[in-house]
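One structure is given here, and the rest of the page talks about it.
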Amino acid sequence: MKKNVLRVEGISVSYGPIQALDDVSIEVDEGEIVSLVGANGAGKTSLLRAIMGLQKVHTGRIVFMGNDITNTSTDKVAGSGIGLIPEGHLVFSTMTVLENLQVGGYHYPQEVSSSLESVFESFPVLYKRRNQIAGTLSGGEQQMLSIGRTLMSKPKLLMADEPSLGLAPKVISEIFNILRDLNEKGYPILLAEQNAKKALEFGDHAYVMETGRVLFQGPAKELMGNPKVRHAYLGGNV
Amino acid sequence: MEIFVAQLLNGLSLGSIYVLLVLGFNLMLVVAKIIQFAYPHLVVLSMYVCWGMLKYTNNMFLVVLASIVSCVIVNVAIEPIFRALSKKHGLDINVSFVVSISIALLITDVMSHALNYGFPIAFPTDWVGKSVLNFGLITFSVGQAYALIGGIAAVALFFYLLYRTRQGRVFRALSENSVLASIIGIPVVKTRILSYAIAGLLGGVTAVLFARLLGSASPSLGDFVAMKVVAVSILAGLGNLKGGLVCGLLLGIAESLAMGYLPGSWSNAIAFMMILIIMLIKPEGLFGIQI
Amino acid sequence: MSPVIYYFLSFTAINILMCWAFYLPYRVGQLHHLVVSCMMASAYFSGYAARQWSWPFALTLLVGTAIGMLICLLPSFAIGDAPCFTVVIVGLTVLFIMKTAIENTRALGGTLGFFGIPQVNNLLLLAYLCLAVAGLLIYRIDNSRLGRAASMVFVDRDAASALGVDVKRLGMLFQIIAGGLAGLAGSLYAFLIGSLFPEFFNLGVIGTLMCMLFAGGHSTMWGVVISVPVFEGLHLILPTAVASWLQVIYAVTLIVVILVLPGGLITKKMLVKVGERFRARPQTVSIKGGIKE
Amino acid sequence: MTTKGSILSTVGLSKHFSGVKALDKLDITVGEGQIHGLIGPNGAGKSTFFNVISGLLPPSEGEVYFNSVNTTNLPAHTIARMGLGRTFQAARMMADTVLENVMAGMYYYCETDPIRSFILQPRVFRTQEREIRQKAMEALDFLGMKDSAHRWADDLVWVERQLVQIARALVLDPKLLLLDEPTSGMGIMETEEMKGVIRHVRDSGVTVILVSHDVSLVVDVCDWVTVINFGEKISEGNPRQIQNDPKVMEAYLGEEECVES
Amino acid sequence: PSSKVVVDQWEIPFLNCLTGPIASIGEYMAWSAHRAADEINQKGGVKGKPIKIVDLDTGVSPEKAIEQMAKIVNKSLVALGPVPEACIMAAMPLAVKNGLLCMIASTTYEYQSQFFPYAVAWDSGSDKTLPPVLAGWAQRNPGMKRVVQFVERWACWPGMADAHAAGLASVGVKTVEIEVPTDAVTFGPLVVRALAQKPDGFVLTCTSEKAAKIIIELEKYGWTDKSKIIVFSSADDMPLYTTGREKLNGVYIYSYLDSQMETERWVSFKEAYKRAHGGMEPVSLSTVYYDCVYMIKEALENTPVTGDPKKLKEERTMIREYIRNIQNFEGVQLTWSMKDGVPTDKGTFLFIIKDGAKQYVDYFKPWK
């Protein structure tokens, strides 16, 4: 039996009158890749934001490594070891690439230079652009920077919200390779992805969400075979 | 020639006032993304505290400490206002401008109402100090020297702090996007308060330097310089520390040369005319915006 | 009418005009402080023309408006699409320079002030007439493609110009109209007060106007219609002991309003919500309009 | 190339940012009535290309011909008026309803002088306003967003924003439409829908240049594809050719995609 | 004076600057008006009714001033203020239109003449009072040929500067003007510029704080002969002494008030003032509204005023005419008469500053 890293127990979240999550429970075990699949507005981002403490949770509990982190302030959640790659290539646009990465290593000031090396190794483009102001990077470069910056914080659990957004196919596969490498090194990963095919191929375990609820869950391979899932998310005839 | 050199020195000391204030102003821009129009007013308020402390003790250390502590406290005390503001308005610099103008109004009103019966305050005449240099009209007092050196040193120090150290990067990251900053684990409230405290610290030191340079302060002192401070900061490129140094000194020199040579009633207008022309030609400021 | 109400109403009209003059360029993201200079120039001009040349009121009003527009026209070639704070500084410096110029002009009374502008009858009526016309104009601008273009420029200049909006010309247009409004306000101001003083036009005026605009709400033209009378009337009704802390009260009020109601008292969203109430039958409404024409 | 004339062509177009060559002597010709794909790795210069041809950035060198007119260094709004519509990678909406956002696209819809039309000729003004509103509604309808017309634009999710952007660009009847990653962040269903929309746009006579990293989209809808890397054109052809071009595979698609295709 | 008084108290509105940057000045003006009222009330008031000073704040804002004026313009017999110049300019036309006499806070006749006959000034025209003092100062410093005058352009000060120059010219001294910007914070450039003119003396026509700082700068640049510096009356205010301190020793200053005077009335005023202001000495403006209130008292007593709103217009005229032509009025220090609202025989004191206090040197009657 693998140890539980993250356990979300029946949380619900709403934006004013809009109920974005309704009694959602998921689990991430040690060394596992968990994929969240769902169409637009299914609530994937809301779930990740709730875990991160960016959104108030009304009911339910979030437990990370045995500690209750429900409605804890975001920086504490981050400090406790959850790294989020946010949706839509968010970077500090007035700072240089290098500075963005350095800030990412906030909790490990001693190890910044070694982490930098490994990030630059994964993303050579960033090394080339290290002194460029991040706001002038291309969309894809910003996404890479965003991922690199999260890796700088050596998270114990990596959460990625659509990391492949706006990336070239080659880079996407590189990114997934990097994520897999990280997973092999022991990082559990929670991945939210619209591209259900990629996500199911990639994940060990998957949750399929729709309008704020978990519809299906189970080992990713099994879900791939589930005709309902295939029809709704994998473009019927795949 | 003698007169010219004397005016140049005067310009430098006037410029050092602008440099110190613009630095603090830019600091608030860089670390908190706000136009702190009331920054000069805060400094003047600290001068009042400094003066009040002098009534009780002559201990220089305590006086400086009081000035710094008061400025830090006041600056930190207004932090929640701007925090709430940025929560509600995103990063709307214009709104922060309007709010800080009302804070300036508030401070001026308190000073002209409640402190020293609203009268100007004066520091001991020996505070302005002996001359370090004295050839005829070419003189330079200790106070002037402190302010000038202090100004340049402070710019260097804060430039280093903001752009070369870990903490500086954290400040800038936070000011740009506090949500993102919290995602990567920066303790938002603590860091924000720290950044305001540091700007307050600079303000406290500036207040002491001004006390020695100017020898007095009045409720309207803040208003007199605030607008020029904003102008210099924009002229140099908002948030540009080095540009602020250069433009601050330049404005000081330009102003004192204008006062020294040009037909009397127009000297100040001419300094403004220069600013106007530069702004019309280079709307982004001379050195480029850096926030 | 009691003089208190007369002046309250007149200043309200003038300040609403001035707030609109601030509001319009702020639609494209510019805090256009130059309008205070327009107001000053037009006030002095109107005063001078009325006293020295005995110009009729209507004429001075028109020429005052034109002067305001002219003053905004010239810099707008340079700052039509400038970033907000450049516009701020240009406005402030021009104000300062203009003040110095007036202080040094004997014919305008210099620092002593300018006395004896003839009184006009029905000023209040005319002021509100002007206000109505100006309001109509701004309403039209707001609810036409100019207004939409402005909102677009406000959020994203690049996107706006990719939609075919000439950002600079739009900025210039708004600045010039704002100058005209301020000129109009200046003329009315001169006739209302009857004498002028350089100190009338200072940073404090700018501060007050900005407070009114932001407290009222800068995303619609209606906010100031509420906030100006409140700001104007507050010191009339407060007891003296409290009123001596009026500045502090203003400052705190503004901060609180901005904190509690981010967009000011009245926001665009609010208007749209109200509009939705009335748009129960959207189609029929537009058809009706069609038939009428 | 098709036999029809070209609507856009660039000659030796370059754009340098202090050292970075975002575009490097690029010659691209876009045939009229086509869906022209522009793909390339991240940072290849696709968005920069859009910015240069739409006039938002001045080119460092080279010339742009749009509709046989030399539009190099013309201001963006003039080019837009000549019939070039575009969307942005990061869509920003103005704080108003969706409908108003779309109506904002029709700035130059009415040829009369704005001041005259709304001060002196209220009737003309009102008619115009109604037409604008109607057209915006049609465009929203076309994109299946009619129901959202009166929603507040800030509340839209990413995908809806993209649609609004497209509607905003379409209302002016552009001759050429530049789409910068219109499907990023969309699921399969939405992407399918978007394919239909793009084809529909093309069929209504608008040439489309499409930037996207979604290979299946590009392969499915594009008539012609240009691949750029480091600001240079590395390949050109119809989608099939491109997919099998080793240079493209190496620079852009990576092994995985090649295997699939 | 036999008609029956119909009011319970004599309400006298005071349009004063109680907020804003010069609230400090407003405060002591208000203090002295209230003191006069208290004194009068203790002695039984006027015609058996107490005087009540109603403070109205102008906040140095023209709009507020005019609205405050509007509040009183239809019901008051006479008004104190407005203060300061900006508010005078804004609110006086309204007072003139409605025939209300205002005792404005301006030391010169320029404003008074513009609002004739509805304003009262505290001194005769500056071109009459000021030249003798400056001439007297010049004569005490024989050999002075050329002086520099620092002028701050604020309201009537340029006019006063002209009067200074006229006085100096009358004894053969040339004046060079140097303008002091209102928002100046350092004065080195101005002082260097002044010294480059190689002058024999200096006239300081600027605010008290600025005057003190200029004196300090002058010493820094090597000017030691303080007797060749004279400061004008409007700078005879607290900040001059608190800022200048020992650097003022030997400087001349002229003023309308001799604070060393030893009449009983003055001493008690001065002591009370000091108690209320943390030991600060009264300055020339502090007594202005004290005298005003007494002037109003005299007018109320010596005219058949009843306070009846129906007779407002004629009673206003009675008070106005009485005050504008008051004879042998006993102010807190001097006794003087007015003709058409302008004092005819109110002189000016010349002092020398020693250890933070003014010492009487001379008294000059105005030019005829």
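Labels A, B, C, D and E are assigned to the chains in the order they are written; within every chain, residues are numbered from 1.
Basically, a residue touches a chain if its C-beta (ideal position, glycine included) is under 8 Å from a C-beta of that chain, and two chains touch if they have at least 3 such contacts.
Because the structure is a prediction, the values reported are computed rather than measured.
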item: Subunit E and subunit C - chains in contact with each; value: B
item: Chains in simultaneous contact with subunit B and subunit D; value: A, C
item: For subunit E, the least number of touch steps when starting out from subunit A; value: 2
item: Pair exhibiting more inter-chain C-beta contacts, B-E or A-B; value: B-E
item: Most widely separated chain from subunit C, with each centre as the mean of CA atoms; value: A
item: Interchain centroid distance [CA atoms averaged], subunit A/subunit B, Å; value: 43
item: Subunit A-subunit D separation of Cα centroids, rounded to whole Å; value: 30
item: Whole-Å gap separating subunit C and subunit D, where each centre is the average of the chain's CA atoms; value: 39
item: Numbers and ranges of subunit B residues touching at least 2 other chains; value: 108-109, 113, 223, 265, 268
item: Multi-chain contact residues (two or more partners), subunit A; value: none
item: Residues of subunit D touching at least two other chains; value: none
item: Listing of all chain pairs that touch each other, if any do; value: A-B, A-D, B-C, B-E, C-D, C-E
item: Of all residues in subunit E, those that touch subunit C in their complex; value: 18-20, 54-57, 59-64, 66-67, 69-71, 73-74, 85-86, 89-90, 92-94, 97-98, 110-111, 114-115, 153-159
item: Footprint of subunit A on subunit D - complex, ascending; value: 17, 20, 39-48, 89-90, 157-159, 181, 184-190, 192, 213, 215, 251-257
item: Touching residues on subunit C, where the partner in the complex is subunit D; value: 137, 140-141, 143-146, 148-149, 151-152, 154-156, 158-167, 173, 219, 268-269, 272, 276, 279, 286, 289-290, 293
item: Complex contact set, residues of subunit B against subunit C; value: 35, 81, 84-85, 88-89, 93-95, 97-99, 101-103, 105-106, 108-110, 113, 223, 227, 230-231, 234-235, 238, 265-266, 268-269, 272-273, 275-276, 279-281, 283-285, 289
item: Subunit B contact footprint on subunit A (complex, rising order); value: 52, 54, 73-76, 78-79, 83-84, 86, 90-95, 99-100, 102-104, 106-107, 109, 149-150, 153
